[in-house]
Every structure is written in structure tokens, then in C-alpha cells.
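Reviewing the structure listed below.
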Amino acid sequence: MTRRETVSVAMVAVALAILACLPFLVDGYLLSLAVGIAMYTVLATSWALFSGPTHYISLATAAFYGLGAYVVAAGVDVIPYAVLLGLAGIAGGVVAALVGLATLRLSGVYFVIFTLGLAELVRQIVTWVQNNLTGSRGMYVLTEITERMIFWELLALAAAVYLIGWLVTRSRLGFALRIIGNDEVVAAHVGINSAASKLALFVISGTFAGTVGAVMAPRFTYIEPSIAFSPELSFQVVIMALLGGVHRLWGPLVGVIPFTILWEVIAGRFPTQTVLLLGIAFLLIVYLIPNGVVGRIESAIKLAGRSVKHG
Amino acid sequence: MDILITGVLLGATYSLIAMGLTLQYGVARIMNLANGEMLVAGAFGAFWVFTTQKLSPFTSVAFVAPGAFVLNWLIYRFLLRPLVRRAKNRGMLEVDSILATFGMAFAFVGIMLLVFGGEYFTYSYLDEPVAIFGSPFGLNRVVACLVSVALCGLLYLGLNATRTGMALRAVAVDPAAAGLVAIDVPRMSTFAFALGGAVTAVGGIVLSTFLTMDASIGIVFTMKALIIVIMGGVGDVRGAIIASLILGLAETAVASLIDPGLTLAAAYLLFLLVLLFRPEGLFGRRQS
Amino acid sequence: MAESTALDVQGVSKRFGGLLAVDDLSFAVRENEVLGLIGPNGSGKTTVMNLISGLLKPNGGEIFLGDRKISDRPARIIARAGVARTFQLVRILPSLTVLENVIAGAVFGHKRLWGRAVRQFALRQLERVGMGHAVDAPTASLTYIDEKRVELARALASDPRILLLDEWLAGLNPTELQIGIDLISSLREEGRTIILVEHVMDAIRSLCDRCVVMNSGAKIAEGTPEQTLADREVIRAYLGDEHA
């Protein structure tokens, strides 16, 4: 580790420690907002780990998330919660692996389309299974888990995402993905297994999304397919990550905080207009900030640096 | 037998939607994910004509088709062409156009929710049975099928027998080479995108005569159109028509034999099979 | 010179639709040999390079690297086995720095270094091609010959058993051309095994031990540059009947 890396790691650790104290200071609305931000941070950062370097837009987050929530709902009365968290992560990872095996060899369009309908597909299957096998659509998730504990779990997941993301960027795998994102032909000709590298990252992001769904499940109390598999979630995650910037590990966080707050405000006051907000956010990202806020800031700094040098 | 006929009737209407997306993706190279919203807008037009003006829903073609044409022309000209220009390669354009058309799709849904509200809208038009091979089928479905077949035929002729059609097909095969033989590629792309939008909106009119819709259902049709276009092979009109029929049949079979709630699963199963075994489309040549 | 065969192309064919781009082509490259693959435009030279590197799969025939069959393997496996190449249209990785572009060649393929070792190794390759001054430069600032040098350094970074150079000298001005020829000839003195697709006749004469001449996908001559370039069939292929 270089000196700079040691300093960053220390700073992240301190920040996490401070954040961990948050539930003692606030509760109610602010705590639930903090839970939202922590949740989207994990989802958007793990999404960016895969989609950032590869440019594959995944809309499967809601499918993994819903699946994770359902694993908890189905097993909460028989299996210890901690085990369920692990199972939910595995479920997300396995589905990601299956989807990836079918689509990642092909062009990005096929992948987007496939993931676009994935949440709906899983929802239809879960609904059908419930209607035909268990008789009722919804399930209760009654646990002793409080909002505070959910926040801490999410914070731990966030730490895990950042750690894994940091390890990946330093590894051969991370370097391979950057090359793949630049030119797949060159990647193949320097000996990189593109499909396997992409798959590995997609499985990581699926595992995280599944685990987050399981962590959030106790908060729902009552789970039914249309709540657990809300397709909006996938789009929110994409917007937040792109808004912040996907070429830096901490980029998505910059998008998550303002967008989560904005979303809360809009959803609270004009609940029917969240769709319009999604649309405007997408257009804004494509036309005005294609490299995210972080990219904007970095190029501004670079420009300033250059003018200082020359000035 | 019933399944076969219902499936074909449904598939024929799907082919009209797929035709619209084929023009947009095959020629203009834009994967338009706001396609379904254009369809819903067309359906709204038909609904409005029928309920407030007491006219046949098909009369709405008179304003829906030109309206959609102009709107899509503007969208391509002012929103999408800048993306085509700034893209350094096809992959970049792909990502940009996916995000931009998603944005448009959501913006359209938002606007339609504002204007029309979130209720389902349906009307009954020609809702009487006709007998085909002794079994009754909704007359509206039969008429919808015939209208779609007629329009598809017209488009097919237009693409194969006119100068413009020839130019469109040339751009679909190779934009660079088309430019070399003095085809105005940007103009043709714009035209194809606008025409595709108009065809999709008319498809919405046709579908609205027998399906219940709401403002946010567009994405479902986008999915179906995408699956058909990929199954048929990008830019392949004949493939798209056959893929539409296959999808119509598969959905009808699953809906009547297993559960109507699993139609998307049926579409997905087809999609998956295509991706695994024939990603270049049913009649596509395998590229090496 | 050792006479063992480094690469053996046996009866390879490649068809694009109705066009037979490579027609039952056979030739062999010996260890430490520089082989020129020449022929008029459209004679299928680049297709042969693509078949060897695994970018394309042959419709018939087999290719062996040493005694290992590679013609049915994907490009990444062939790269790991020790085939490296440059492309006719230079393929630089635009969002990576110059050094990272070269490192890319030494991490996943025939050579598998990482960490400090790979940095130093890649630096040596850059110096080797005369790019030691622009290590951390963004790729957007490179001139055409510099891009070609970086691509060559990336190929060298895998320490390949066979190096494929696809018109590496094309598009250079006279000064750059001389630098380029000197560079390749220094690789030859190192004992590298190279297949060279080239149009520049001076380069072919001074660099190649042997030439294979192609026309319309088939081999029409093989031998030393002097022999082949004097061959009537070859002259006819390049210049037409009246010159032969």
C-alpha cells in the first residue's frame, strides 16, 4: 500500500465509524432517510463496479433485490436470519450468473433488454408459484430487527462494497475490465477471457443486490410481488450511479445522496410525478453530464490546473 | 385450433409494432426504448376519437400517424442526431441512445399521467363474435389482424418497390457504403425513425380496439417489440413478421394452457432460446 | 539457423459468403525466421493474420503453433500460447495511459507479470521501441507512428513466440519508415520469429528471410525475396499481363 492509500483507507474507516453513531443521534424520518441513502449507496456502487468499466447497463437490480427479500420472507420462520442473508446473496449471485452466461457474450443491447424484463419475469414466476402452491400472494416478515440494525447492516455492506471495489481495481481482474471496456478485440488478443471477467463482476453486483433485498425485508413487514419487484428501483440505481460518475469508486455516492433526498421530496409531494423525474434525470445525464458530477469536477480541476501552469 | 387462430390474430398485430421498431433500429440504428409509449399515445388517440367524437377508432389514423411522424422526426433530428454525432463508436451510441430513449419513455409516461391520469382505458368496438372454422372470435381482433396485414403489406411493397425504400434498405445494410453512392444517410435515418414512430402509433390504434391499456403499459410493448426484432434478426422484415407470429402463438398457448399471468415468461423463454442458439436472428447469417 | 517449425499453416481456407478469401493455403514459419506475407490488395493477407491470431476461424485446414493445434481455439488461448500481433488499423486503448497500454500485453497472455515487475518490464519495452519519453502521456496526444510503436511494445510485452505485424510500416513518412525498418531489423537480430504483412518493397528485401506471395487467396510463390519478386507469376499478379 502506498502512503496515499493508507490515508484514504484510514479516512474511510473514520467516516464509517462516525456514521455508525448516527442512529444514536437521529431517528424517525431522518434515520429512514439515512437507511435509504445507505441502501442506494450499496446498490449503486456495486452496480457501477460492473457497469462502469464494461458499459453494460444492467436493469436487473430490482430482480436480485426482490429475490433477496423473498428468500427472507420464505424462510424467516424456520432459518436463522443471518443464514438467510447469506442465502439471499447466493440467490442473487446465482441468478446473475445464469443471466450473464446467456447474455454477456452478446452485445450490450441484448443485455439491457434481457435485464429490463427480468424483474417482471421473476415477479410473474413468484406470483404464479405462490398462487398455485401456497395459495396466498403475500407473506409476513415479522422479526425483532429494528431500523437501527438495518442501518448498521447496510453500513457494513457499504464497507464491504468499497473494500471489494478497491481490491478489484487493484487486481488483474479490474485491469482486464478496463481493457474490455476499451476494446474487446484487443482484450482477446492479449489473452483476457472477457466473458468470464464480465461474469465475475456481474455476479458480485448481483450478490450485493440480493443481500440488500434481504436486509431490507424486515422493513416491509408484509411482502408481496408487486412491492418486492418494483422496477423503479433498477432505474433509480442506474440514475444515481451515472449521475455521480462510474469511473471512480466513490462516484455513485455523489449521485446517491442528492437523488435520494430529491426522490423522497417528489414522492412525498407529487407521488404520480416520480416517473417524470426519472425521465428528466435520464435526459439530464445523457445530454448535460455524460461523465457524471465527479467527471465534471475532475475535468474542471484539470482545466484549472492547466491554466495555472500556462498562466 | 382456437389457440392457433387467436395466436395468429395476435401475432399479426404484433408484426405491425415490430415493423416500427425494425425501421428505427435497423435503419436509423437507434434502439428506441420509448417505442411502447408512442404506441400508447396512438391508442389514446383512438380512445379519444371513439369516446368523445363517436367515430370509428380507425379514423384517428388521420391525425395520429402524421402527428407521430412529426414528433419522431423532431426527436431524431434534435435529440438523437447529436448523440449519433458525438459517438466515437457504435458501442457508445448504443449506451447513449438506450439512456436517452429511456429518459424519453419515462418523460412520456409522466406527461401522459398528467394529461390522462392513471386509469385503465378501454372501449368496446366491434365487440361481436365471428365464426372461423366454427369457433367464435372477436370481430375486433379479426379486423385488427386484417388492418395489420394490409399495412405490413403496404410497407413491404414500399421498401421493395420504391426508390426511397431501396435507399432505406441500403442504409440498413451499410450506412457508410450507402453514403458513397450518394444516399443522404442522415436524412434517410431521420425519415426511417419518423416513419417507424408513425407505424408504431398506428399499431397502438389497432391494439386499442381489443386490449385494455393504461399510461404506463408502454414498456410491456417495448419489450415485446424488442424480442420480436431480435428474434427476427435486426433489420429483417420477413424475420420480424414470422417472429411476431411465433410470439403471438406462444403467448396465446401459455395464457390458455397454463396461466394468463405467465405470458411474459413465455416471451422470455423464446428470447432466451434465441439468445442461446440463434443470436443473429432466425434467418440471420452467422457472422464470423 | 535452427530448422524447427514455429508455426505451420496447413491447407487453410476461409469463406465470406460467396467469396473465398483464403483458398487452401499452406506455409510454415521456422524458428527465428522473418517471413514476409505479400501480395496485391485484397489477396487475403490480413485474413490470414486474423486466422492465425484467432480473430477469425478457418472453414477448413489447420494451424499449429509448434506441435499444438491452435486453429480451433479462441483468440485469448492463442495469445496465451504465444502469438501476439499488431493491427492493420492501429488499436490503442484510448482511456489507458501509454504505459498501461503496454502493460496490458504482459499481464494476461504468454507473459503473466503483475505489480512492480510488470511496470518495469513494460517500461523496458517502451524504451525498446523508442517511446521511453512518453510513458505517462495520454494516448490522445500520440502521433501516428507513436501509436504504432505503442502497439508494437504491447505485442512485445507478451514476449511472443510469434509476432504478427500487419502492415506495421504502412502510412509512415520516409524518415519514420527508416526508423521503423531499423526497429524491426533489431527485433530480427534478437532472434524473434515474425510474420510480416507488408507492401513496402524495400522493407521486404531488407527484412525478410523468405516470402510467401498470395493472390486471390492462394499461394502463388514462395522463396527468398529476390526469387519471389522476380517470379513471372508474381509480377503478373501485381502489374498485369503485359509486364510479365
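Note that the chains take the letters A, B and C in the order they are written out, and that residue 1 is the start of every chain.
Quick note on the criterion: a residue touches a chain if its C-beta (ideal position, glycine included) is under 8 Å from a C-beta of that chain, and two chains touch if they have at least 3 such contacts.
Small disclaimer: the values here were computed from a predicted structure and weren't measured.
If each chain is reduced to the average of its C-alpha atoms, the one that sits nearest the average of all protein C-alpha atoms is A. Of all chain pairs, the one linked by the most C-beta contacts is A-B. For this pair, chain B with chain C, the centres built from the Cα atoms lie 47 Å apart.
Taking each chain's centre as the average of its CA atoms, chain A and chain B sit 32 Å apart. Averaged C-alpha coordinates put the centre of chain A at 43 Å from the centre of chain C. Note for the complex: chain A touches chain C at residues 172, 175-176, 178-179, 181-183, 185-194. The residues of chain B lying in touch with chain A in their complex are 31, 33, 79, 82-83, 91-92, 94-96, 98-100, 102-111, 113-114, 118, 216, 219, 223, 226-227, 230, 259, 261-262, 264-265, 267-268, 271-272, 275-276, 279.
Taken in their complex, chain C has these residues touching chain A: 53-55, 74-77, 79-80, 84-85, 87, 91, 93-96, 100, 103-105, 107-110, 114, 154, 158. Taken in their complex, chain A has these residues touching chain B: 55, 57, 102-103, 105-110, 112-114, 116-117, 120-121, 124-125, 127-128, 131-132, 231, 235, 242, 272-273, 275-287, 290.
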